[in-house]
Each structure stands twice: as structure tokens, then as C-alpha cells.
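Presented below are the structures under discussion, each in the form of C-alpha cells.
In what comes next, chain A is part of two complexes: it sits with chain B in the first one and with chain C in the second one.
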Partner chain A sequence: MITKEMLKDYANKLMFDMKEEEYETLQKEFDVILRQMDLIGEFEGIKDVEPMTFPYVIYHAKFREDVVKDEISTEEALMNAKDVKDNQVRVPKVVE
Partner chain B sequence: MSYTEKSIDEIRASLDKGEVTSEELFEEAREKALKYQSDYNAFVTILDKKEEEKNKKTILSGIPYALKDNISTKGILTTASSNILKDYVPVYDATVYRKLKEAGAVLVGKNVLDELAMGGIGTTGHTGVVRNPWDKNRLIGGSSAGSAAAVALGIVPFAIGSDTGDSVRKPASFGGIVGFKPTYGRISRYGLFAFASSLDHIAILTRNVKDAAYVTNIVKGQDEYDMTSLPDDGKEYAKVLDNSVKGKKLFYIKEVCNLENYKNNNDLELIETLQKFHQTLDKVRELGIEVDEVSIDRKLLSALYPAYMTISCAEATSNNANLIGIHFGLRGEGKTVDEMMFDARTKGFSELIKRRFVLGSFILQKENQERLFLNAGRIRRMIVDKINELFKTYDGFIMPTSGGIAPKFDEEIDRLSERYLILEYHLVIGNFGGFPSITIPNGFVNEMPIGINITGRVMEDDIVLSIAHQIESKLGFKNQIAKGAK
Partner chain C sequence: MYKVVIGLEVHCELKTNSKNFSGAKNIYSEIPNSHVSVVDLGFPGTLPVVNKEAVKKALKVALALNCEIPDEVIFDRKNYFYPDLPKGYQITQAKKPMGRNGYLMINVNDIDKKIGIRQLHLEEDTASLDHYGTYSLIDYNRSGVPLIEIVTEPCMNSAAEALAFLESLRSIFLYCDVSEAKSDKGQMRCDVNISLMKEDAKEFGTKVELKNINSFTNVKDAIEYEIKRQSEILDQGGKILQETRRFDDQDMKTYSMRSKVDAIDYKYYVEPNIPPVKISKEYLEEIKKEIPPLQYERINTYMNEYGLSRYDATVLVREKAIAEYFEATIREGADPKLASNWITAIILGHLNKFELSINDIFITPKMLTNLIKMVNDKTISIKQGKEVLYKALDEKKDPTVIVKESGMKQIIDVDAIKNWVMEVLDEMPEAITQYKNGKTNIIDYLVGQVMKKSRGQANPAMTMSMLKEEIEKR
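This part shows the complex of A and B:
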């Protein structure tokens, strides 16, 4: 059984919140989701299968040399930040 | 017929003969994009000015195209159709965009997607719903919704999208066009905003298979910025399309395609879609391709969708943890950094995306990791192993892309039905195994387009393209422009 409080906890762990009515909709949706998820575990001997995390074994993984190549300017690095001072992103004081 | 409704070969010939210039093509595409925007909402951004061409010697030089708005373009707004990135302007180019620029292709604009590419319906972008150019009351599918609409409307001859579960191949089917997802790693993902990294592919939308081959040729190859990218196979796909396919062997999955499964089903669109699929198989056989019916455990097929949701939502939860609104994106309010991040994410994500993230969070809870997350990875291996075993005998499999036509916006769907769980989600097999996979048009049901899908062995993009090209020639539905184009 998934409660609204559990859903709120899952959302808050990912650092966002939802409206009360949105949690209610989600709780109803979880009834279907949990039944769908039950389809995953219903296989004999599934525990012996190695979980797959990538489509196929990659033999040609490309690593570049650890040297500086492409750089962006300080202005570029900061151009999408909304609050900048002295070439740094300004945030609230951490230590009062 | 306007130039942008033509094939790449035709536009190339007109450019080379001097009948049209790339400037005129850009203007034509731009005007069409603007004209159709209020009806179909294909674009987040339509460029005012043509970018400078770098190269005039490739098949794509001077040819207009569009990019999905989750592909990084330096200096051009890139929102991923999410409020949290509504003002974001990247400082670097995605490799696919860089390669197209270097080839002289001309960017017209950035296409609407389902927010952060996490959806299959084209209705969740922050700038609104994308409508199907064949019928405005229907969705086009997603997440590459605007890209599919732009190609189907004849605004551009090709568009670049991304495909994590079926996000190019499904909207291609609903839009009556071609959607090609090459082998995982064939095209660099550098600069594609990650949704689920182990499933994400850059993919291509066109109106015929040869155009998909041309575009793939230009954008494929190894990239030092994407360690999963594959070395170039050196093949010129457009030149091998007519290689003989006689003697090739395909299978289809009995549990999905056999009409006997649907004896008591009164969904007439589904039945007609499958009948047309089987009629097409007769034409495929006329090419000398052997087509067999193969059985796969129904239980395993029913587990595809939940396994896909489990893996993709869990990976997305992690990938999107960088969207905190501090160094880029929507700035939140609060007395502490944590409060600011919390506020930015609460305001920046839509309800639908939050639901997927909550699901991802649920799956990754310690008590659920073994039962859900690891078991989903095991299901993934079981189905990929099964398909690879079949690929010892067969060169690929052929399936209806969907169980029917594009749904209406308000259509109710039973999400526990077999149609939903299997028929609508078998394309994820292509992402689970990284297999090259292509959708081509297969005619119409109730005046709406339907598609078929061909999926082949990893690395054999050329074979998949040549089989698709030759089937396309038999069917006669290539270079379709949607009814909504006026």
C-alpha cells in the first residue's frame, strides 16, 4: 500500500513538492503502476540472471587524453546564472 | 510542390542547377514553420536568420532541417520543452549539430518535445500541445513530436530527434513518415540532454529511407566526447540501399501480430492495422525475403513496458539531478541554497514529469532496488538474449509500429491491457539491445497513417536500411506530406 505520505517523501527526497490534489492523482496512478511492476518479478530463476545495464558489450570505448582541450570563458560559464557577483554565482549565506 | 516538400536528392539537384539557393530554401522553410505554428506548434524556436554555411560540398549543404529542443546549440535557446530550462542558452554545440553545420545543412529551428523527452504523446512541452498534421484532434506521439510534425508538414525534409523507448519511431508512424534509430553509439550523444543514458539514441526523421541513410552517413562516427560512440563503419548507407535482400530472413512475434489473438477483440482499427501488416508481409516475401512467425513468452513481452519504465525513470531521476536552478535554469527563491533548489524544481517541472520522478525515486528506495530496479535489468537481459538468439537465424524482425492510428487527445487507454503493454511498447526492444530500428509508412486506417517497423542486428544499420528501402519501394507510401499542409 502506497500512502500519500510515502509519495511526498519520495518527491521531497528529489527536492520538489507537489500539490495535494496531484498527490491524490499520483496515488491512484500507483495502483496501476504497482500492478504493472508485479509483471517484472514473476519469472522463475530470474535471480540467476545478471542485470543488464548497457545494450551490448562495447569493445571500442573511446577515452580522450586527460589534457585541457576545449575551454569556455568565465563569461560563458556564468551567462546562464541569474545572480552573479565578482565572477561567482551568488547564493544565500551558508554561515550566518 | 514547394522545395522543402521534396526529397534530399531533388532539393540537391535544384541547388546544384542553380534553380534555388540555400537562402531561398531557408526562407521557404522559415515561412512555413511560422505559418503552421499556431495550428500544430512544432517549434519552440524558429530562427530569424540563416546560419553561415561552412561547407558546400556535401549532400546536405544548403538543405534546411530542424533539431529537437533537447540538443545543445551554442547561442540558441535550448529548453528541452521544460519551464526549468525556459531561458537556457547553451555554451557548446552537440556533436550531431556540429557535424550538420560542418556539412553545410541549414538549421531552421528547434522542435517541441515532451518535457525533458520523458513522454510519448507530445502534449507535455512547456509551450503547449503538438497536434497531428493529418488530424488536429489527434496527437502525433512523442517525445520527438514537433520534429515529426515539421517533417510531415513538409517544413523540412529531415529533422533530428532522440529515441529512448520509441520517441522517433512512434511519432514517425503516427505522422506517416520515416523514423530511423541507428545502432546505439552509431551517432554521438554528446550534447543530447540525457534522459536514460543506457537507452538514449540520436535518431532521424525523414520522408523516405534514402534520406535517412544520407543524414546518418553525415552524423555517424566515433566522438571523443562520447565514450559509448562507435567507430565509423566506413559504409555509405545511401549507396548500399539496393544491395540484394533476396534470401534475408525476418520474423514477426506471434503473440503481437497473429490475428487469432484478437478473435474476440472489437477494436476495428487494431484489426485493420494488423490485416494491413499481413498484406505487407506478402509484398515483403515477393522481394525474396523469408518471413516466419516466431513465438516469444507472453509473460516476458508483458514485462517490457514496466521494465522500460523502471529503468528509464530511475536513470532519469539521476540524470536530471543537475537541474537545480543555481548555475543555470529557473532560479528558485529561499533563505538557503537547499530551499532555492527545492523551489526551482517545484516550480520548474510539470506535474507529469514530477510523477515520473516520484516513480524513479520509489524504484530507487533501498527496499525496492532488488525487486524492481535489478529485476528490470534482468528482464532487459532476458529479452535481449532471446532476440540475439533469434538473430542467429534471422536478419531482423518486422512488426506493426503501433496497434493502430494516432489516438485522439481525450482518448481513454486501458494501461493494463495487452494492447497497451505489448503492442504499444514492443519498440523498446530496440533500445534495450541497441538494435538499429526503422519505421516506415504502411498505408492508412480511417484516413490516418500507420507504420511498420524493421529491427536488425547491432552494427547492421546498412542491412536494416536496405531492407526498409526495398519494402518502401514495394509499398508506395514514400515522400508523404500530411493533409494539414496547405
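This part shows the complex of A and C:
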């Protein structure tokens, strides 16, 4: 059961907020999703099935050799930054 | 009194050419943002590609720590929001890490103890942040540097054990050549989990996590402070709060950072951009061959086979290169105890004085062995041998050549020594009286006098026994 309080808590942790009616819509959608999950949970032998992360069985075939390449310049690295000081990205202070 | 329970989480940066998931150079640089790629900056559309060498080095440590290694490992995402993490998640391992259920042997006060390793995983380091008055600056050079994390079981019971574990672990990193493991450079970092329980209690007390302690000395101080703080609370009937604290090395105290209720939910899930990695038995065998005998094993060999003290053995294995030098000397046929004495007392002293590595010195294990053999067959005395070794180190000269050139040799001619013994005793009748009255250590003084007359070339053991013999006669 997903409550509106839980949604608000998650929104807070993910640093966004919504209107009350948007929370209500989202809550209704979650109810549907959870009911569907419950249905899947009733499949016979479901507990013995490994969770699927990749659409088919695939393994990491080739590692990268440990060679330096594809570095970008400091100028390029900082090009998109809103605020730069001493070749570093400046952000509001994150510790007290 | 309470029983202290400690578990450690140790991070170590791996020594590779490039980063864990990108081709940018893995190197500490004074110039910020000089070794970065689009992957390290978390640019949209970029994909991680796993560094072969980082996987190999992580597996090497896992094997050295006697871990079980699964035939398939998986990378996961750990999600949190902070400026040091441009992607918004760290690629790490949760469910199927590189190693599990290993152990490391430590020795504290001559008692061996097995420290359980819960897991070892491979992940990436974050960017580094510097904090100023009203802002923070981000340098992405460290972003993506390969990092291994080792989590122990909560099985250490003192600061001394925690420290011994860290020292042993550091030696494994160095012996396996996977990291420089310098804590002052942040290459080795440590979190401490600590709780106190009554001696007869069945369950662990509430644990407190001490974050990011940046030196081994601080680990010891932080643990000792925390034992004191928690004991005082429990003595007064209080309860320990489950929380994360940081250690301040200025006033040597710990401060609360966040309590359990504020704990972050990292929402771990499988990293979809990296498929599972198969680890073959053949590959593991190949890596195993590259692991040299480790400290713990070498200390035991030195003590049991060469008869060294634990102290001397520990000094010799502190660095792999020194242990290898010592072993090469033994292979050349040197007496192990003499080799150990001269390496620890003279050669290591020389290395410290001039800040050299053992590979820098002119004296080879073969040369040292020849010198030791000259002492053993009494060509020169121990005292002369030491002088030759000092000279050889200073002048970068073969000790055998020094002995030849200086005409140095030990006098074991009975008649010559006897003459000096007689002379000394004739000159000092009062010493004989003192010796007979029980002041037996005056004999050392008399030996010294004979040595002086012989200009250091008389065999001291022979001198001593002849002196005693002659005094008895008088």
C-alpha cells in the first residue's frame, strides 16, 4: 500500500514537489501497478524464477584494455558549467 | 567493563593506468579537471566500459583475502544526490561482488586471530570537493578512479586489533602491487562500526558508525574516544543512539552527523549498462600465480625455520623488497640470524638515514653473504664485519674488497692474544682483585683493553676465555 505521505517523502528525497491532485493521481496509478504486481506474484513457481535484469542472457564479452584515451581538455570539461573558479566547478557550499 | 565489538569498512584506490569505467588517466594531479572524460562527468548518452586491469586487481585482493569468488559478478547502482557524484549514482557492487566470506590473519601480542571478511567489491571513487566560505569547488580528476571496498565481520575487540588488521591489509595491497595504499594521500580510507556490550550479553549493543577517518593513528584515537563516550553513557544507564558520527582530529572527539531515521535509502539496483561478468576458474588460477607469499606467511617461516624473533621477522616483512632481499641472502647461504641482524640494524638504518629503497643500495645479497661468511669462518671479527658493512654502504664498495685493501683480518693466533692478555693483567692487578671479589663484569673492560692493544683484530671470544683462565691462575 502506497500512501500519499510515502510519495511526499520520496518526492522530498528526490528533491521535487507536486500539486495535491498530482499526488492523488500518482497514488491511484500506484494502486493499479501494485495490483498488477500482486497478480504476477500469484503465478505458479514464481519464487523459483531468478529476477530478470537483462532482456536475454548476456555476458560482458570484452573488457577495456587499461590504456589512457578519450580524455577531454579542462576547457571542454568546464564548458557547460554555470559557474567556474580556478578551473573547478563552483556550487553552493554543501557542508555546514 | 564492556566488550567492544568493531567492524571495519576499508576503501582502497587501485593503481591502474586508466579509470574504472573510462579511458581517462588515473593519476593524482595538482591541476584540477585535467584528467577527465565525458563518462567521468556523467554526460548524457555516455556509457561505462569496465577496465580489465581493475577487475584483475580486485580479484587478486579477493584471492589474497581467501574469499569465495562467484563465477559471475554483477555491478549495481547506488543512488544518491551530491555534487561529488555527477551521474547521480555510483557504480558499485551489492548482490554479487568480487569476493565473499574471506579472512585475514592478524597477530596482536603474540596471539593469532582470524578476521572474517564479509565482502569485497569493486566500485568507482567520487569527485573531490573543497569547501570555502560560501561555496564548494569540484575537481573531477578523482571521479571514476577504481576503488575496492572491503567489509569485515564485526569481530575485532580492541583498537589494537583494528590497527593490526589495517596494517596487514595494507601489506596485502603492497605485496600484491595493486595500490600505493598511502592513507595521507587518501588512497586508503576507513569507516569504523563500533558497539559495546556487557561481557555476558548475548546480543550486540547498538552500533555507531564513524566515517572517513583518514589515518591509522586517527582510527586508534577515534575508537578509544568512542569506547570512552559509549561506556560513560551506558554507566549512567543511558542508551546509545544508532547514528553516524565523524571524528575531528583537532580536538580528538567524535560528532554526530546523522541518526538512523535520517539514513539514506540508496535504492540499489542492477547497473543496466554493464552486463554480468563471467569469472572463469582458469583466470582465477592465472591471477593466483601472481600473488607472492604474504606477510603473515613469511613471518611464520622466518620464526619457525630461521629462528628469528617475531619482532625481527616483522621488521623484515614490512616491505616486500626488504623481505625479498633477506630471502636472497639466505639463498646465497648466509646465516639467517646474522643476516637479519645486519639488515635490520645496519642496512635499514642506512636506508632511513638517506631515504633510500633497498633496491637503491650497492650491496647485493651476494656481497652481504660473503661478508657474513668471513665472520662465520673467523677471517674477521663481528665488530670488523660491521665496520666493513658501514664503509661498504657509504663508499659503495664490495665488502670483500674493503677487507682485502685494509689488510683487515682477525687474529686468532693463541700466542699473540696471550701476550696481550698478560700485558693487560700485569698493568691492572686491581682489576683482578675486583673480579675475584665478585665484580665479574669488569671482564668486559679487560677484553676492551686487549682489543685496543690488538687494534681491534683480536678475536673477542678467545680473548674473553683466555682472560678468565689467566685470572684464575693468579
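Definition applied: the second predicted complex is superposed on the first by the 87 of 96 C-alpha atoms of A that agree within 3 Å, B and C clash if a C-alpha of one lies under 4 Å from a C-alpha of the other, contacts with A are read in each partner's own complex, and residues count from 1 in each chain.
Throughout what follows, a residue touches a chain if its C-beta (ideal position, glycine included) is under 8 Å from a C-beta of that chain, and two chains touch if they have at least 3 such contacts.
The structure displayed is predicted, hence computed values, not measured ones.
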Just chain B (first), just chain C (second), both, or neither: which does A:Glu50 touch?
first
First (chain B), second (chain C), both or neither: which does A:Ala11 touch?
first
Superposition-derived comparison: chain B or chain C, residues of chain A touched
B
Is A:Met1 touching anything from chain B or chain C once the two structures are fitted on A? First, second, both or neither.
neither
Going by the contact rule set out at the top, does A:Glu71 touch chain B (first), chain C (second), both, or neither?
second
Contacts for A:Ile58 in the overlay, against chain B (first) and chain C (second): which applies, first, second, both or neither?
both
Regarding the shared-chain residue A:Pro92, is it in contact with chain B (first), chain C (second), both, or neither?
both
Residues of chain A that sit at the chain B interface in one complex and at the chain C interface in the other, please.
13-15, 53-54, 58, 60-61, 63-64, 70, 72, 77-78, 89, 91-92, 94
List the residues on chain B that touch chain A in their complex, please.
87-89, 91-92, 184-185, 198-199, 222-231, 299-300, 302-303, 305-307, 309-310, 317, 321, 324-329, 331, 334-342, 345-346, 349, 351, 354-355, 357-362, 365, 371-372, 374-382, 384, 415-416, 421, 431-435, 458
In the complex with chain A, residue positions of chain C that touch it:
16-18, 22-25, 31-38, 41, 49-55, 72, 74, 81-83, 129-140, 265, 270, 272, 274-278
In their shared complex, at which residues does chain A touch chain C?
13-15, 53-54, 58-61, 63-72, 74, 77-78, 85-95
Touching residues (chain side chain A, partner chain B) in the complex:
2, 7, 10-11, 13-19, 22, 25-26, 29, 32-33, 35-37, 39-43, 46-47, 49-56, 58, 60-64, 70, 72, 76-83, 89, 91-92, 94
